[in-house]
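Every chain is named by a letter (A, B, C and D) in the order it is written, and numbering of its residues begins at 1.
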Amino acid sequence: MSITVRFFASVRERVGKEREAIDCAGISNVADVWRQSTRVAMPDNLLAAINMEYARPDQPVRDGDEVAFFPPVTGGAP
Amino acid sequence: MTVRLLAEAFDPWREIVHHQEAQSALAGKFGATTVFVGTLRDFNQDRAVRAMTLEHYAPMTQKHLERVAAEASSRWPIADLLVIHRYGELSPNDPIVCVAVWAERREAAFAACRYVIDELKTRAPFWKQEQTPQGRRWVAPEPKAE
Amino acid sequence: MTVRLLAEAFDPWREIVHHQEAQSALAGKFGATTVFVGTLRDFNQDRAVRAMTLEHYAPMTQKHLERVAAEASSRWPIADLLVIHRYGELSPNDPIVCVAVWAERREAAFAACRYVIDELKTRAPFWKQEQTPQGRRWVAPEPKAE
Amino acid sequence: MSITVRFFASVRERVGKEREAIDCAGISNVADVWRQSTRVAMPDNLLAAINMEYARPDQPVRDGDEVAFFPPVTGGAP
């Protein structure tokens, strides 16, 4: 049983990985996923999503979830 | 209401014509069409831009663009809405995004169009990386206040 | 900055494409295009509309449309502006007016486009007469407050 | 020497003429032109222009001017 972790844009480059599966043992929220995956504390200006819905660091994560981390978004136009 | 994500260059004006012709129920029923097209410039923050890569979180972008479009449709009396957003490799002068709104009156058309373009910029998971003569750089989000 | 009055039906999207292609200095320099197109509906104030005649005071309309366009250009940082207005006999679904603005950023593009369409409605000497099943009637101006 | 008077839209229909030239003798302002041309006082909700610039009823009119009368404008779109 596991959690899928995804990284995008500059976060992906900094972390050096795009996607991984981590064991959900000992993981209760979004910040735990980040810590488990990167071995450092979750930065303030990072955005996260659980199953493609924006999520706060303290939001609970369940087995089978897809958790994504990314910088502030910059789509659209000038 | 249509939301499309495209990997290839598109002509927003042709897409608008096609959409309007395909929605035959619209004919004669709308008095106002408001369109916003965002285009890649060949400069940004005092640097030349040679190309841009638009990364996105594929099904999440579609989901959130559809939600923003649905919100606009429920807040204002509009007849139809079309949103097209590029991703992948873009060249200067390429359209990035197109938002078109059909409504009976112009107040609703302008308000809904503005709402969609403003909201998608803060909620749809896209990230721009520019190629400049000084190398690649990720574009920072624009400040909130306007 | 271009202001045109047309006696014949026109395709606003094609006009925009032509204008943009003809202004080669624009390429790569604008990030935002905002367009408003006003179209004749087949109904108004609970009556069917079969056709409309748009009377105008010929050189005065051109003069005042150019003035409104020049005001928009001086108030906001925009790169180019196109205004096309029909007169004469129109059928439902015919475009009446098209305002297109090219700018570096969307705030200026939206503001200038909205300014032109709002100002021309109160300052350009056009008068609409609708043909309805109950006969011809002159259209009353819309209330000021919005 | 004369003043060209023009009428548009519903005003043209009500007055029953589109254009005429009137003698400028005894005419000093826009309201005088209307009175001379129609034999009634100028209504409140009427718009007027001198040489294609909007003008108030008390604005002075000179020999050779084109003075136009019309209802509130209704161009543009819904």
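Quick note on the criterion: a residue touches a chain if its C-beta (ideal position, glycine included) is under 8 Å from a C-beta of that chain, and two chains touch if they have at least 3 such contacts.
This is a predicted model, so every value here is computed, not measured.
Chemist: Just how many steps, at minimum, does a route from chain A to chain D need if it may pass only between touching chains?
Modeler: Minimum number of steps from chain A to chain D: 2.
Chemist: Would you mind pulling out the distance in Å between where the CA atoms of chain A average out and where those of chain B do?
Modeler: 26
Chemist: Would you mind pulling out the distance in Å between where the CA atoms of chain B average out and where those of chain D do?
Modeler: Each chain's C-alpha centroid was found; their separation is 48 Å.
Chemist: At least two partner chains per residue is the criterion; list those residues in chain B.
Modeler: 31-32, 36-39, 41, 104, 106, 117
Chemist: Which residues belonging to chain A are in contact with no fewer than two other chains?
Modeler: Counting only residues that touch two or more other chains, chain A contributes 77-78.
Chemist: Looking at which chains touch which, would you call it a line, ring, star, complete or other?
Modeler: other
Chemist: Mind giving me all the chain pairs that touch?
Modeler: A-B, A-C, B-C, B-D, C-D
Chemist: If you look only at chain A, which of its residues touch chain B in the complex?
Modeler: Checking each residue of chain A against chain B gives 6, 8-10, 49, 52, 54, 68, 70-78.
Chemist: Would you pull the chain C residues touching chain D in the complex into a rising list?
Modeler: Per the stated touch rule, the residues are 36-39, 41, 44, 54-57, 59-61, 63-64, 85, 96-97, 117, 120-129, 138-142.
Chemist: Looking at the complex, which residues from chain B come into contact with chain D?
Modeler: For chain B paired with chain D, touching residues are 31-32, 104-106.
Chemist: Which of the residues in chain C end up touching chain B in this complex?
Modeler: 11, 13-14, 16-17, 27-43, 92-93, 104, 106-107, 109-110, 114, 117, 146
Chemist: Considering the complex alone, what residue numbers of chain D touch chain B?
Modeler: 77-78
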